[in-house]
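Look at the two complexes coming up: chain A is in both, with chain B in one and chain C in the other.
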Partner chain A sequence: MVIVNALVQGVLLGGLFAMAALGLSIAFGILRVVNLAHGEIMTVGAYLAAVALSTLGVSVWLSLLVVVPLLGVVGYWVQRLLLQRALSLGELAPLLVTFGIAIIIPNALIELFTTNKQAIPTGDLAVRSVQVAEGVRIGVLPLLTMLVAVLLIAGTQQFLARTRAGRYMRAAADDSETLRLMGVDHRRVYAYAMGLAFAIAALAGVFFGMRQGGVTPFDGQLLVLFAFEAVIIGGLGSLWGTLAGGIVLGVAQTLAGVVSPELPLLVGNLVFLAVLVLRPTGIVRSKVVV
Partner chain B sequence: MTYPAPFRSLASGRRRAVVIAASASVAFALAACTPAGVDDADPSDSAAGGDGGSGGDGATETITIGYIAPATGTLTGFTDGDPYMLSVVREQFADGITIDGTTYAVEIIDRDSGSDAAKAGELAQELITEEQVDLLMATSTPETVNPVVAQCEAHGTPCLTANAPWQAVVFGGGFGPDKPLEWTHHFFFGIEGFGDVDPLAWDQVETNKKVGVLWPNDSDGGAFRDPDTGYTPLVEAHGYTVVDPGAYENGTADFTSIIQTFKDEGVEIISGIPIPPDFVTFWTQAAQQGFEPKVATVGKALFFPTTVPSIPDDLGEGLAFATWWGPTFPYESSFDGTTPQEWIDDFSASPEGEGLVWNQATPLNGALFEVAKVGLEASGDPFDKEALVAAFDDINMMTLGGQIDFTSGPFPGIATIPTAMGQWEKTDDGEWEWVVVDAGTVPDLPVDRPLELLEW
Partner chain C sequence: MEPLVPGQVRVDRLRRRMITVQIIGAGVIVALAMAPYVFEPAVTSQWIKLFYLITLATAWNLLAGFAGMVSVGQQAYIGLGAYGVFVFNDLGLDPYSSALVASVAIGVIAFALSFVAFRLRGGYFAIGTWVIAEAVRQIVIRFDSLGAGRGRGIEDYTADPVMRNLFTYWLALGILTATLIGSLFLLRSCMGVALQSIRDNELAARALGVDVSRAKRIVFVLAAVMAALAGSVICLQQIGVQSPSQIFSVSFSAFMIFMVLIGGIGTLEGPILGAIIYYVMDLWFSQMGLWYLVVLGVLAIAVTLFLPQGIWGALRARFDITLFPVGHRVVAVPHPAAPAPAAPAVRAPDPQNDTTAASATTEG
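Let's turn to the complex of A and B:
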């Protein structure tokens, strides 16, 4: 039963990892930009939710309606004003820009809000659980996180596959020159993609904040390593791969925890390394482009 | 009470860079040499010499004091009260200090370590060799204190530090009985501040005396786990058994297996020094999985005043922690007799304190300057480095941060401060506060009420 419980908890943990990884996967798959500030964007999303709550008194769920689109818009303009220009300087320049953003955001948040934790209360949601068998309890919030992650991935997949904007994005990823020849401004397409990545990051950040009961300026760094690993285990640029990668990483960690508490992060990292060495394209047969 | 999370997160920042190093090796080099959270802007140096003492050529000689603290970055929680504290201190030193009839101007140069150990060391070197400080001070966690101490010892500069467990400064810095601190004085408590005081609180309630501990795989966790000098022998002396599930990593996202171990062993008391996010994860999962201990005395995570109120569903109610400073502590400033309650009131009313909650670290940072003043006065000649260090050896004084006694410490150059036990509660009007439930080793500390069991 201990093993079963660890498996269940690991799968649910994978949902959180996958949600955090999705935005990264989009940014990399379409724009070829490794967004080092991804964790910090999540943090900002959680802060906005916390502020909406403390100043306007709106619930977390309601604040999502504003926070997610807002960061989408921010992502659009960050891409257009910063990253697009950096792209013209060379392939590494955007990476350095995101690295700079990753340093600026936490310190700006400290200036604005101090290091004190900003609460994101959700009543008893975070601690409620359902007993599914003797010794196996499923937390309601982790389950919800998993469901949202799955819906999000399915939704994004459909968006990219079926809508005109989605097709543009895939085209921009494949061959932006040709896309331009067809009369589409590839810069706008890139910007929309980054907006999408930011919006999803914000959502993931809010869910992480709910899990932690709040947010502090450096929280993003805690999760983003796992997000990177989930992306790579699942296969760069593959959307369902992020879910698979998240679950593999989550289960690896919880199962290792059963053996010994020293092991979870080590085993998680070893699994990641093993995938990188043995199957660098990831466990899901990845289309290099989304 | 150190908080090495920042170091962890810095490290993970690097590892994060490693992850993508496959595609961009430059990032790693950058991550390695530009730590997150570093603010390169120089903080203000403000000369406090009110009488216009202008360095060497003026009539008044100037004593230069360097102060290195993590003003930005992940350790900021330790120093967010410093702007107010420094304004109070600079006012105290505005007219200089008088030593053996001679008045000296005092210049305080404060520098920001950016919560980075390497930067702290560089700053120390710069202050020593370029600013030629007469006394160097550092505060808040071994990550800030140890590199500064190392520079002072290497250059032979008088050094005064606080706010880091003394074992981490002495043993962690490579010092010991064979290699004493020659130029450094440090005050704070160590593992005994937890291990001697936690059992006093547990004794107040009926339990099976089984203590489950959360000791992460970091320098603090290692020090607590040490079978000879760690936490276990201290609480075993009171008849408690320690259940140590093992050295989990900071940033562990799932505590299922640890909770299972505690359940299997029938643990009724929780203790340890987890970082704040880990403790919230642990405590939330414990509730989800039906693990309901009777008492929890947790260090480090509960140091920050906003951790407990943020734990979901008011599960922070009744959490206890070893504390070294609070409004009712019987301390007073050697500057002007300010008591803790007055300090908190003044801080809350000051422009610097707006939007902040007082914390326990600031008064000790301020005590550095109180001790410095008394030491300088006793030295006879503030520019005689050996006389200044010798003067600190004899200090036994009351400060806002507590009694600092270098004459009877556990190790030469070390003064320990006592600790008590606080417990969090939610007041009737929905505010969170903690009250003293055991005076611990603090003399004359009034106890508000006995320890209460956790309610599930």
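Let's turn to the complex of A and C:
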């Protein structure tokens, strides 16, 4: 039963990883930018929620209404002001810019908020759970996280496939020059895509903070690696693949946690490296490239 | 310009400059080696840091500047280099030999890891190296004999602090010298031409028959060995590892990237200049706490966007200066019996002649 329980918890944890991976996947799929600061954007989202809570007393759910659009706007302008210029300078520049951001944010957060955990209380939501079998309990929050992740992935898929803006984004990913000839400013399309990636990252960050009961400046480093591992395990270019990748990573971590509380991170990393060597295209074969 | 015919051009490898560099370089190295006899140990032990910073910057520049591999996981090899000192010291070697033996072992490890890392490209390669570094740290701290998560001191060490400082100084200087000479000769060699072509256009290099993945693998291993040596110097200077999360910190990657970008990526001189700038900044601003890292991050972004060739690159573009001759110049040789400008009918269209080779240079 311990194993079954670990499996169930791992699958649900995978929902969080998939949500974290979705933004990374969008940024890479549409802009070909690997955002090394992705985890830090998640942390900033969680910090904003924590600050809204501690200063204004707003509940987490209400703060999401502000935090998510706010980081979407930040993403739009980061793309327009920094990354667009970097993209024109070659392959290395966007990486170096996002790595610069990844260094700035955690250190600024430590100076502003100390290294202490900033609490994101959710009432009893984080501890409430439903017993499904002897020894197997499903937490309400992890279940909700999984639900939101699935809805987000399905929504993004539909958005890219069916809406005009989604078509522009796919067109910009394929051939931005031609899109420009058609009278669409590809730079704005890129900026909207990055805004979407930042907004989803913020949402994922807040869910992570709720799960952990708070957020520290060091979480971003872990989160970017988790998100990246989910993307690669799932297979580059497949949105549903990120869900599969997230679940594999989550299960690997929780199963390792059964053996020893020190093992989850190491085993997660080793599973990722093993997938990389044995099945470098990921476990889900993608037909549609986002 | 008169069309060039094979035989009328020669490739200038800047041999005379190379000889000058060798003489001056030898002089500088001898002077630095003698420095401990002149300066106080407090001064020279400061220089050790500068030496390993230049080593690290040069190594990262070989990776990113020449082979196009942005790694944010070089701290894996820095940490392994530091811990390698313990491993071989425990086996009975003295700490200094341990550092050298460990670097060879880490080269072998890096060779194996390259087969994992090379599955990824571009940005994903960068995060992949980061994951590898994390995994390496998580494995190292599982060994109780290496101090687990607490760090460890070197046990069997020269007792006299003056001698210890002196040996570490010479080791750091030796490693720096080997790194710079190795890089200079590597870039002047056939492999160097391949690397510079990969830097300028990987696809074109591949099309011209350059074995790109072999060249990249060699650079990957060399950069790992250099990082390992720098790591062992850090360990020797601090008489141990204070904490594994410090020696395996991703901040090392941030420092390397900063030094290389500020100085000038893709040149041999740039990382040296960048390391000196970083070293001076570190002396002045490190009491700012972590805001200092924030400033480094902002500067790195600004330089990437607005001065992509770095300070050395900007100077070179302006004044045409080179310290280390790693380039080639194709020079027109006036033919003794040069025919008068040939009639158009005689001149067969030959693609080789239709180059503006007289001005073609590659600069490292």
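One rule holds for everything that comes next: the second predicted complex is superposed on the first by the 274 of 290 C-alpha atoms of A that agree within 3 Å, B and C clash if a C-alpha of one lies under 4 Å from a C-alpha of the other, contacts with A are read in each partner's own complex, and residues count from 1 in each chain.
We adopt the following convention: a contact is a pair of C-beta atoms (placed from the backbone, for glycine too) under 8 Å apart; a residue touches a chain by one contact, two chains touch by 3 or more.
On a predicted model such as this, the values are computed, not experimentally measured, just so you know.
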Field: Combined model on chain A: chain C and chain B, fit or clash
entry: clash
Message: Taking the superposition on A as described, I'd like to know which of chain B and chain C A:L36 touches: first, second, both or neither.
response: both
- request: Applying the touch criterion given at the start, work out whether A:I232 contacts chain B, chain C, both or neither, answering first, second, both or neither.
  value: both
Message: I'd like to know which partner A:A86 touches here: chain B for first, chain C for second, both or neither.
response: second
Which partner, chain B or chain C, touches more chain A residues: B
- request: Once the structures are superposed on A, label A:V189 by its partner contacts, choosing first (chain B), second (chain C), both or neither.
  value: neither
- prompt: Of the partners chain B and chain C, which touch A:L95 in the superposed model: first, second, both, neither?
  reply: both
Message: With both complexes superposed on chain A, which partner does A:L270 reach: first (chain B), second (chain C), both or neither?
response: second
Query: Does chain B (first) or chain C (second) touch A:I103, or do both, or does neither?
result: both
Task: Would you check which partner chain A:G214 touches, where first means chain B only, second means chain C only, and both and neither mean what they say?
output: first
Task: With the two complexes superposed on chain A, say which partner A:A21 touches: chain B (first), chain C (second), both, or neither.
output: neither
Task: With the two complexes overlaid, spot the stretch of chain C among 95-103, 239-247 or 347-355 whose C-alpha atoms clash with chain B.
output: 239-247
- line: The shared contact residues of chain A with chain B and chain C are 34, 36, 91-92, 95-96, 99, 103, 107, 110, 221, 224-225, 228-229, 232, 262, 265-266, 272, 276
- line: Per the touch rule above, chain C residues touching chain A in the complex are 64, 68, 70, 72, 115-116, 119-120, 122-124, 126-128, 130-132, 134-135, 138-139, 142, 250-251, 253-254, 257, 261, 265, 289-291, 293-294, 296-298, 300-301, 304-305, 308
Field: In the complex with chain B, residue positions of chain A that touch it
entry: 2, 5-6, 9-10, 13, 16, 34, 36, 39, 91-92, 95-96, 99, 102-103, 106-107, 110, 114-129, 137, 139, 210-214, 216-219, 221-226, 228-229, 232, 250, 253-254, 257-258, 260-262, 264-266, 272, 276
Of all residues in chain A, those that touch chain C in their complex: 28, 33-34, 36, 82, 85-86, 89, 91-97, 99-101, 103-104, 107-108, 110-111, 221, 224-225, 228-229, 232, 236, 262, 265-266, 269-270, 272-273, 276-277, 280
- request: Sort out for me which residues of chain B touch chain A in the complex.
  value: 5-6, 9, 12-13, 15-17, 19-20, 22-24, 26-27, 30-31, 34, 36-39, 72-74, 76-77, 80, 217, 245-249, 251-258, 260-261, 276-277, 280-281, 284-285, 287-290, 304-307, 309-313, 315, 355-357
